[in-house]
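Presented sequentially are two complexes of chain A, the first with chain B as partner and the second with chain C.
Right, the complex of A and B next:
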């Protein structure tokens, strides 16, 4: 069965390489690549120790995000998979146009970006705003820099940042839809539905959500923030298959705790540490966005610095700006600083080597 | 209006960053952000010039040019230097840049070569003139003006430092030929400007 399918796709792919149907060739290439790559094996040394390529990275992230999306679909209704299809459709379209103009094949990277887009928006976001975010993020966050693997900023966060500045109330509303089993209902913009503030916003008005809601869920917020446990499980899976490097995440969490206690010393009026960790997008940002190998730094030392930078920024921005949430800004700011961190640690290493000689 | 110089310093560096919120001084920002070391050199030169010209311009404006100041100084009625503000500011900046240029040529020949034509061009860097003019419009005191000039320079240094790092990394990216150089720098500046909006609520500067 699988061989038949493979033969069919290979045949179509071959046939469209030249001739009038040339322009749809990348589509077949993509299907072929997504299902069957890599189909070669090294016969001679050197062997690659672990065949971790972009494809495996992509599918690991998709697997890690699936339980979260499934739970969100249960609590928020079928608008969640609809948003996923929309993100994938628009992503494939934009990616396809650019791949076609560059005469390359479509890369599977947009599968990750698409899923991230769904995770970081509340379900009440109007679909047209969501679409603008997807298109803007993929064009200006990724394609202008040369496509997958060349981007400076996380494309999903660039798209969210753009619509966050343009329509703050739609992306980060004061009241989120209260999660409840509504698998078969469609949530529009949710104006008349039962709403509740996110834990961080609740804290600003002096209330603290109970720990069970924070940790297990369901918790009001963006689609991906429904349950901290599932995010942690997905993150641990990503670390276990070595898609995500633990150094960034370890440094990030340590820095959050350290900055929290350092600020509590003189700034007073801090939220409890459990809120800091489970109340906002920190876990989601840490496991799914800060750890992105493309926008992150390369050496071990700079990974620690990068993670610590994000963690410190999150705590500082949450305390000193009127924004309720700051993980998006912190990660993007850190992305901008990454080249300098890398250059700095290279410089430092050179100095150290010199002193040994 | 009466804000502490420290608040003005912080705001000028981050909240009202001269590049990311004012989009001033873009020509040298784009031209000299290809390498980190030239970027730092230029940033330091701009910081130095903007700090001292703002202080000088404050003194000149408040003791000579301002309406009524010449009367106080000379005792002659009907003299008003206010309309010469722009010209005098430009002249002060130009003279000061000449001095800096001589100094850099003496101290570091390599930096002098790297900065090339852009060092004299600080004269027409709109960021520097902009800082002096903003200082007049917003009615800062002397200390506040120095903080503002210094902060704006540091903000410009920070911006070009970030951009130089990003552009060094971008050398390995497959950017389409039509966007290489200025195009991708402008797009990245736009994204950085959006990111810097996070500092908006931290302090308020008039």
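Right, the complex of A and C next:
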């Protein structure tokens, strides 16, 4: 079976190398690269290489997000997998076009970006707005910088920011769809569905959601925010397999708590700390976006600074701006500051070295 | 030329196939005054001859520099010479010998000639070639090998070994040198008593790990030297086999015991020095012969000659079949330091050893695996980005480009399969050649 597939891909790939069908050759190359590991050999020492590769590394994020998506599908219906399918399809298409123009193979980065897009949109977002976000995010968040590994901003957040500014009501509505078991129904943008405000919006009107809803769920919000427990579980998995660095997360949460208590002294009415953590997109943003290694800093010290920067921004923005949710802005702002943090910590390290040698 | 004296014993077979001609029959290599040096080799192209006619070159200073397969090679002679003529195209240098041998005295000279040790010594702190005129203040002798395919660990009497070491360095004239024995937990189990000149450093077995000397440096080097006694140390690093060569152990004179890994003849191979390895091993054309550890070794091309300092051979293959959906499989048979691969949890499961990259080459994803494993405390991905992508070598030097120890671990762990260590070595070579100008 595998041999037959191998033969088929090889044959088709060989036949489309030249001739009139040359333009679909990259498609076979991409399928080949996606399904089979390469047969390149190490030309120089070290002659053995670690089994970890970029595909496996990236796919671990998908594994961590799967339980969240499964639960969302149960509560929001089959629109969730449809959105995932759309995000992957459009992602692969855009990625493929750029890879073709750059004459490279398609890289696996859109596996993560695609799933993140689904996590950070409410299910009521019309599919055409969602598609615009995906295409914009991948082109202007990633491809214009030169593809995976070169991007400065998180592509999913760039896409979300674009549609957030263009169609705020569709992306960050005042009332979210109330989660209920509707596995087999399609959720449109209909007004007749039962809606409820997100916990943070509820707080602005003076109500506080109970802790069980906040922590275990299901709670209203974006698709990925359905259950804090599952996000924490996914995040801990990513930390355990060393895809996500714990330093960023630790600094972020510490900074949120610290900023919360520091502001409570003079800023008057603050939301309770549990709402700060579990009410909005903080957990999702921390474990799945802020910890993204590509857009994050590189040294240990700058990871602490970067995490603390995001955490402090989240609390300050929530308290002093009319925005209900602020995690997206904080992370994008921090992404922009990363080169500065990295350069600063490198300079500090140099100073430290000079004292010894 | 029939009257060429092939300095085979001097240079080590195929690897450094220098030829020296005097234009007349010379019985003893020490007696000649005019020489002709041919620098053409089958495997190492000497890219640059760094001398010009009329120059007076001190012994030990480089005459020609090449970028080798793994390392930068410098060729130098052990006596002062005056360059008479240089034929850059045919890589021929004629010179006049102006002094007697500068390196070392007595019968030790022959041993140095036979193993050409002075070409291989590098100072692990500065990364530069070891200056043969300076006495090192610290010498590290490694008694165990953690590198896969790097040879067996020393199982003999450590105490006797340390006495031998003191003797050797006294013979060298290095009386004040401090000797550090690098051993692992099991070797030191008997708690032997040592001469006070010997300092014993105990290491845990770590895999994958390069030479224990590099492991040792991790303690000192990240932010420079914290131990003031070792600051500005001249360090040398001697492996056990080299030490036996220095002592002149009979066992290593004409025959060499070589460990063979990953081959049907796994075990110890007792074979003559300078012999061609291929018929001993019955390797096919698909096989690759790696000498000296899989992480830092050299690959032998074609008919491969064994050199006395090489103590292990590993036969590996190129990957043959392409596995489907490899990234979804648990991976018991692959070697990894990542918890994403099942063999991380089952360290003793049988492994497939081949030379496959096991992944596509990608842009750096900033995962920091390289900086976590770097024994010198560097950040290889940043070094690579500043030197190769941003091509600012000065900044790379500030970040410690020269401190790279060439252990190759960054290339080993990189999930994006970037040839980090090779790139860093390349730029180290550029810096070194700029320094020499």
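The rule is short, and it goes like this: the second predicted complex is superposed on the first by the 305 of 357 C-alpha atoms of A that agree within 3 Å, B and C clash if a C-alpha of one lies under 4 Å from a C-alpha of the other, contacts with A are read in each partner's own complex, and residues count from 1 in each chain.
Throughout what follows, contacts are C-beta pairs under 8 Å (C-beta built on N, C-alpha and C of every residue); 3 or more make two chains touch, one makes a residue touch a chain.
Keep in mind it's a predicted model, so treat the numbers as computed, not measured.
Student: Could you look at A:82 and tell me whether it touches chain B, chain C, both or neither (first, second, both, neither)?
Tutor: Neither partner.
Student: Looking at A:317, would you say it contacts chain B, chain C, both, or neither? Reply first, second, both or neither.
Tutor: first
Student: With both complexes superposed on chain A, which partner does A:333 reach: first (chain B), second (chain C), both or neither?
Tutor: first
Student: State whether A:294 touches chain B only (first), chain C only (second), both chains, or neither.
Tutor: second
Student: Is A:346 in contact with chain B, with chain C, with both, or with neither (first, second, both, neither)?
Tutor: The second partner, chain C, only.
Student: If you stack the two complexes on chain A, which partner ends up touching A:187: first (chain B), second (chain C), both, or neither?
Tutor: The answer is neither, since A:187 touches no partner chain.
Student: For A:102, is the partner it touches chain B (first), chain C (second), both, or none of the two (neither)?
Tutor: First partner only.
Student: Per the contact definition in the header, classify A:57: touching chain B only (first), chain C only (second), both, or neither.
Tutor: second
Student: Let me test your reading of the model: by the given contact rule, A:241 touches which partner, first (chain B), second (chain C), both or neither?
Tutor: second
Student: In the overlay, work out which of chain B or chain C sits against more residues of chain A.
Tutor: On the superposition, C touches more of the residues of chain A.
Student: Please write out, lowest number first, the residues of chain A touched by both chain B and chain C across the two complexes.
Tutor: 146-147, 150
Student: Flag every residue of chain A that touches chain C in the complex, lowest number first.
Tutor: Interface residues on chain A, with respect to chain C: 2, 5-6, 33, 35-60, 105, 107, 146-150, 240-243, 245, 293-294, 296, 298-299, 346, 349-350, 352-353, 355-357.
Student: What residues of chain A sit close enough to touch chain B in their complex?
Tutor: Contact set of chain A toward chain B: 102, 140-141, 144-147, 150-153, 158, 161-162, 165, 317, 320-323, 326, 329, 332-333, 336-340, 342-343.
Student: Hey, which residues of chain C end up touching chain A in the complex?
Tutor: Chain C reaches chain A through residues 69-70, 148, 223-226, 231, 288, 290, 294-299, 314, 316, 318-320, 322-328, 331, 334-341, 343, 353-369, 371, 379, 381-382, 398-399, 408-409, 411-417, 419, 421-422.
Student: Mind pulling up the chain B residues that touch chain A in the complex?
Tutor: So the residues of chain B touching chain A come out as 36, 161-162, 165-166, 168-170, 172-176, 179, 184, 187-188, 190-192, 194-195, 197-202.
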